[in-house]
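For reference, the structure discussed in these notes is given below.
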Amino acid sequence: MKRSFIKSAVIASVIAIAAASFAGCTNKAGAANNNAVVGITQEPAIFDPHTVVAAGDREIIFNVYEGLYKYDSKGNLNPCLATDVAISDDASVYTFTIREGVKFHDGSDLDAADVVYSLKRAAGLLDNQDGTALVQELDSIKDVTAVDGGKVAVTLESGNTELLSYFTTGIIPEGYDNCQAAPVGTGPFKFESYNPGQSVVVVKNDNYWQKGLPYLDKVTFKVCADMDAGLTELAAGSIDIFPYLTTDRANQLDKAKYNILSNGSNMVQIFALNNSVEPLNNIKVRQAINYAVSRKDVISVTMDGAGVELTTAMSPAMGSYYDTSLDGTFNQDVEKAKALLAEAGYENGFDITCTVPSSYLIHVNTAVELASELKAVGINMEIKQVDWATWLEKVYTNRQYETTVIALTSDYAPYDVLERYQSTASGNFINYKNDKVDELMGKIPSIADTKEKTELYHQVLKLLTDDACSVYLQDPTTITAVSTRLEGYNVYPMYVQDMSQVKVVGN
Amino acid sequence: METVKRNKYRSPEASAFYMAGLTLLGIVVITFIISLFWTPYSPDATDASAKLLAPCLEHPFGTDNFGRDVLSRVMAASKYTIYISAAGVAIALILGTVAGIPAGYFGGYIDKGIMLLGNSIMCFPGILLALVAVAVFGASVGNVIWALGLVFAPTFARVCRVGTMEIKELDYITHARVMGVKPYRIMAMHIFPNLVPQLLPATVIGLANMTLFESGMSYLGLGVQPPDASFGKMLSDSQAYIRVAPWLVIFPALMLVFYILGLYFISEGLRVNLAKGGKR
Amino acid sequence: MTRHIHIVKVHHLTLSFPTRKNPNPKPVLDDVDFGIRDGEILGLIGNSGCGKTMTSLAIAGLLPENAEITSGSIKFAGKNLLEMSPKERRAMLGKDIGMIFQEPSTALDPLMVIGKQLEEVLTAHKENNLSKEERRQAIIDMLKLVGFPNAEEIMTRYPHQLSGGQRQRVLIAGAALLKPRLLICDEPTSSLDTVTTISILELLKELCHKLHITILFISHDLSVVRGFCDRVMVMRNGKIVDRDTASDILTNPRNAFTAELLTNARLDTRILGFEPIKVDYEKEPVLTAKDITAGYGRSLFENIKNKKSKDAGINMVLKGVSLDVYPNEILGLIGGSGSGKTTLIRSLLGLLPHTGTVSIKSDRIGVIFQDPVSCLNPAHTIKWHMLEALNASSRAKEIKGTGTYEERKARTRARIIEVLDICGLGEEYLTRHPNELSGGQRQRVAIAMCLVQDPSLIIADEPFSSLDASSSAELLKLVTDINREQHTAFLLITHNIHIVRQIAPRVIVMSDGKICEEGITSDVLNDPKSEAASALLAAERQIHGSLS
Amino acid sequence: MQGKVGYFVGKLVELLVTLLLVSLLVFAAFSIIPGDTARIMLGPDASEAQVNLLRTQLGLDKPLVARYFSWLFGILTFNPGTSYAYNMSVGELISQRLPVTIGMSAIAMVMVVLISYPLAVLSARKPGRLGDQVCSVIGHVLFAIPPYVASLLLILLASSLFSLVTVGNYVAPSDDFSGFVGCLLLPSFAIALPKIAMSFKFLRSSIIEQRASDYVRTSKSHGLSDLKILVRHVLPNSNVSSITIISIILSDILGGSLIVEQVFNLPGLGRLLLSAISRRDFPLLSGIVFYLAFITVLLYFLSDILAAITDPRIRLK
């Protein structure tokens, strides 16, 4: 009697456990269909093409909005909603020819008026705006007018040959102001839904102006808590594409089920030294630190070797703008580092703190490796993890830090990369100051000749390296795992997920 | 009612628990003590050329993704694990008793007030509290300890309060009051010693919970700062390698289990003894 | 069924608790051999730990698992119980053998109403399949029988809503519900006051006759058996040392141990060697209480502040009590339970909010409580207790005197040892912990703690009631000695009139929160004016009448 | 009964005051943590102008106290406001995540009861015997494993042994309820494990204690069978004492689901809370914390009420 009672109870509990262990044999995600799931680690927030800044948002709406020009996976700037552009000699007037027969997602046709509205909105020139540009770089626009023949003329305050890359900013229908809630663009995919903390869904734009594109019916950008969560999801097969993996993570994946793509990310991982605090305001100390660091080991530890060593502020991915002559300037040389420290009067080293954002594993790991290497020259670095928000305020905005590790992203444009090193730039969080650099950066925009421009960029880079303004570590390779059921996925040298070329080749 | 020597009592069951507990805890404590003087390698020294080595002769516990010797790190980690849990419990214990005994003794509004505060802290997400502490005072072991102490204090306060309420009704307390002993002395000398039996197991369980909570905080980037490590932090760091380098997970986990299991056995022993001995 | 002269026959029963370490220890029951005659009331007397409870449990088959019967047999109505299966034995419980225990307060499930708990007895034994209504009726009848006129109401009550006596009645009802042939009563009255005790005893007697139930009555108090039991057995260290009819045992005990028990039960003053001392009632009293009113529930002060102490609906336990205690007298305070004795004490000690004035000549006033278990702090040694008392007292300074730390320490120690010695405790007790002492010794320490403060008055709240006869006798002697030699006045609260008659020159009778009678003990006790007093006396005569 | 009503009212007042206190704590905490909501939303590369614009749009330029009271008012009128980061109604956001958290807690709780109860009863039958010891030791080992490690191990087990997909295939209850329960089972189990150990430990000792009590002896003398005694007397009594511990366990589970959500990548309140913290999204953060606090306090409240109802002795002040 009693036994039976207890037995039944036990059985009940056993069943519970059994049920638990057989959980989830329910449905496999990313099933046999014409859809794809992309894993993203940053919670999307802003879908307005003009106020969007965070890279994590851009990579999604890249599929929804299009600009007059558009980058391809090689980093080339190609005409998109504009068929071509005419730039005046002093580079103060850009005249675009608007492409015919493009339809917005809401069905309306693209015309000059839409472009004017969009550019004005971006430049903050609309009547209801206070004149501050939403897209900072377009602040120099004086006026935007529709010229006959479906042309649009953009007049600048001063000549600037560098601006074309910023006309990639999204074009929206005239008078439309609800981009955040319901994005409307001309891109290959229509915005379907946003489920906070879970996913963003976009669906095929059937009347996309490029015939035949896109191939997929539906793309889901799925939010993963972090890289490891994403990894487990990949392993579980509930994600098709997952970018920004580290190699050691990628190696854990089943080669038969996933292709591992890697590519320079045009990011610059920097061991930032606050140039305005003791003892880092001493150039010898900064050089010493540069010599103390072994970039190879950093890359090996953090990216498992998948990264390009840097000695200056620009990634080799920038092609000719990158100055190859600077390579190997700071090969690890502990003795030299010690000597420099001695010269600077720190023969027995010093203590220093490194404030890193805890949400970025790669930067934290880098800091750990650096700490261990700096110990060798007597520098005693203490690591302080802070959460992203705190990092942004304390380190980036208020510049209350000694050193930090972070990756600098930028558009695929040399000016955008170097712009922050002007002493007045808001992005100059390392407090770097060199009048020569300021002068050069001031001069560049007005110069039309590419060769001359490249030369000036090289000079800037040289100065940055000579001043050892910080320790440039690596251009971490973007490693993306793509399910073998998909093909046509291209890795861009910038923070972008282009799904328009992707097609399903079987399940 | 004949003479019975209860406090001399020691049940075989209890001593078995003590044995098991002390052995397990001993392993952890000894590693800790050794680590103070000697570790095979420097626990923080990275070596890119020796990454993720499986356990072998020169690295008995293998190496991690920085090429650091896991054995050395485990030894070093024992320090933080023990330090944090012990100090945290100490704080929680002090706060708890100081708040709980008066609450139980005086009752009324004092009681209401203290318990109200306690409850609000209890239903306040500990992680958030920890984050605040860390955000305000910066991420450091000290602050983690304070955060833990604060989060755990209410539980101790509850134990003290309930115990005090029972004890204060007993004749010897009344007697003390009649003899004119001052309240604070009654609480300190008459009541507190009799709370110890109830506090001891609670304390040990507290120690165990602390280590778990601490590891949880490390998982979220609070807690111990790299390159230092606690068992919990090692576990959270290495979870991504659970497939490729299980030894990164196994050894810290083992130590953690030893530590907590040891503590539990000891508390079990205490409980059994008190249950057998302390009963009226 | 066939009638046996002996309904239970215990044959050379030997029982022990073997452990792994000690396979054959000293037996708890050693060759116990007796019979219970059908329809009689058999008393089983002995000090605590003598094995009387084990005997009863052995008969009922409720022995703890680690107990082992090494030899002997128990026959119930001819059947050998030890050869039965546990199932069969369980079937007998409640049906053939009923049992009631000492502690009525915890013997009922606090979560279940009385009615349900009693019903379980009926439902547990399927063979008499009664309908719900029949069961209910049976229970009501039984409750009426055990003295609940309001049976229906009682059925819906929870245990905590009943008094100790009532609970014991309920338990008896439960035990007798199926009219068992044998009812085992294990110290059913020792935690009840005299009046209740008497009523319970009478109830049992009544059951015995009405329902023809045989009763095995276990007690440590020889006095209760008088006029209740037909035969008495005296047990000591697991052996039955004496057996006889009740009357014979009480009149001329043949066994020395029996005689000793008897003496203690009788508290014979001549044997204890106590001559009463003079009290000068002209002196100003050491304690004067005027018109004390107190009650539980909401804080009395509030009620008075709000001028609604009357309609506040709180139960006033004390209603305007006034009394004086004179130097070195022993003032007896008697009254049934619930008469407000304890409340009065707590008010006098200022532990309860109360109205009226309490003026104590010197602030030196000690107190001893009823429960010897909780009267000492288990966490500390006796020495600590004594020091604590000494330091707390207003005379700490003058006792310690001046001089170096060592000198003062020496003096203190001397004083403590002296006091302990008075209380009949040697120096070796200093390092003991309370749980190493017996109840009597604990009470002695409690007294010592008062004495070390050298008080002018000691209030003793039922100090004897939870000690067995011998220890309470010794304690009583101690009290009288202190009173004589230390000239300490005592306010002695008790429900045991016999004690009062023996040692208290003056007595106060309380009932229902008032003092209903006051005066010289002999006068009051010889012709009581109030019916409360006479009720107490009646009860007391039942028990001690013939003894004194 | 009059007394009991008063008792409940008193408890209710306590509950409200606690909630107010919590809301203050949350607010204080939030105002202390550094971090600029607008800056976080726009990221490092945004210009001051953009940040300021957003700040005014969000009303972050208003003084802290004003914001607090407006928020408190919102809470009281069941309108906790709009999330900065998601610019959606906080209520909506929370109610989206609620099924996961509640579902997981519920399932975990069921597991705790289903597993710990019978085990406790079994090992309490013969305390100190082998089975009992084994159960206790296993229980302690379970307690020693951090939840996320347990989760990982479970995932590994499930995927390697049963080759099950255990992660990421979250099914909304609206789509397919059984699927929803299915995908929550494993995470719930991960949460439940240590709690099972805890409640087992507690129940066992309280059952042992109850078995030794006088009324059990009485019932024996009444001839009740062991099972009857267990079911009718021992369990009810040990339940009374368990109510508190169960409520504590339940609130633990609610809070503890956070890390497990992270590992199993489930869209629950915990992760929403984390992102609210890391993005300094005050309306959301306070909404969630307040909500969790509310549930917790409610649990304690209910457990008190339950105790008061089941235990007639409860002292009514």
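Every chain is named by a letter (A, B, C and D) in the order it is written, and numbering of its residues begins at 1.
Quick note on the criterion: contacts are C-beta pairs under 8 Å (C-beta built on N, C-alpha and C of every residue); 3 or more make two chains touch, one makes a residue touch a chain.
These numbers come from a predicted model, not from an experiment.
Enquirer: Count the C-beta contact pairs for B-D and for A-B, then tell me which is higher.
Expert: Pair with more contacting C-beta pairs, B-D versus A-B: B-D.
Enquirer: Using mean CA coordinates as chain centres, what's the chain B-chain D distance in Å?
Expert: For chain B versus chain D, the centre distance works out to 22 Å.
Enquirer: Provide the C-alpha centroid distance between chain A and chain C, rounded to the nearest whole angstrom.
Expert: Distance between chain centres: 85 Å.
Enquirer: Whole-Å distance, chain A centre to chain B centre, using C-alpha means?
Expert: 43
Enquirer: Cα centroid separation between chain A and chain D, in whole Å?
Expert: Chain centres of chain A and chain D, defined by C-alpha means, are spaced 38 Å apart.
Enquirer: Among the residues of chain B, which are close enough to touch at least two other chains?
Expert: In chain B, 131, 135, 220, 239, 243 touch at least two other chains.
Enquirer: Residue numbers in chain A touching 2 or more other chains?
Expert: Answer for chain A, listing residues that touch two or more other chains: 359, 387, 390.
Enquirer: Where in chain C do residues touch two or more of the other chains?
Expert: none
Enquirer: So which chains end up touching which?
Expert: Touching chain pairs, listed by label, come out as A-B, A-D, B-C, B-D, C-D.
Enquirer: Mind pulling up the chain D residues that touch chain C in the complex?
Expert: 213-215, 217-225, 228, 232-233, 236-237, 240, 310-313
Enquirer: List the residues on chain A that touch chain B in their complex, please.
Expert: So the residues of chain A touching chain B come out as 227-228, 231, 248-249, 251-252, 294, 296-297, 300-301, 358-359, 364-365, 367-369, 371-373, 375, 382-387, 390.
Enquirer: Using the touch definition from the top, list the residues of chain B that touch chain D in their complex.
Expert: For this pair, the touching residues of chain B are 13, 112, 116-117, 119-129, 131-132, 135-136, 208, 212, 215-216, 219-220, 232, 235-236, 239, 242-243, 249, 253, 256-257, 259-261, 264-265, 268, 271.
Enquirer: Per the contact definition, I'd like the list of chain A residues that touch chain D in the complex.
Expert: Counting only chain A, the residues touching chain D are 1-2, 5-6, 9-10, 12-13, 16-17, 19-29, 43, 45-46, 51, 53-55, 132-134, 136, 180, 195-198, 222, 224-226, 229-230, 232-233, 235-239, 359, 387-390, 392-394, 396-397, 409-410, 426-427.
Enquirer: Contact residues on chain D for chain B in the complex?
Expert: Within the complex, chain D touches chain B at residues 14, 17-18, 21-22, 25-26, 29, 32-35, 128, 136-137, 140-141, 143-149, 152, 156, 194, 205, 251, 255, 258-259, 262, 273-274, 277, 285, 289, 292-293, 296-297, 300.
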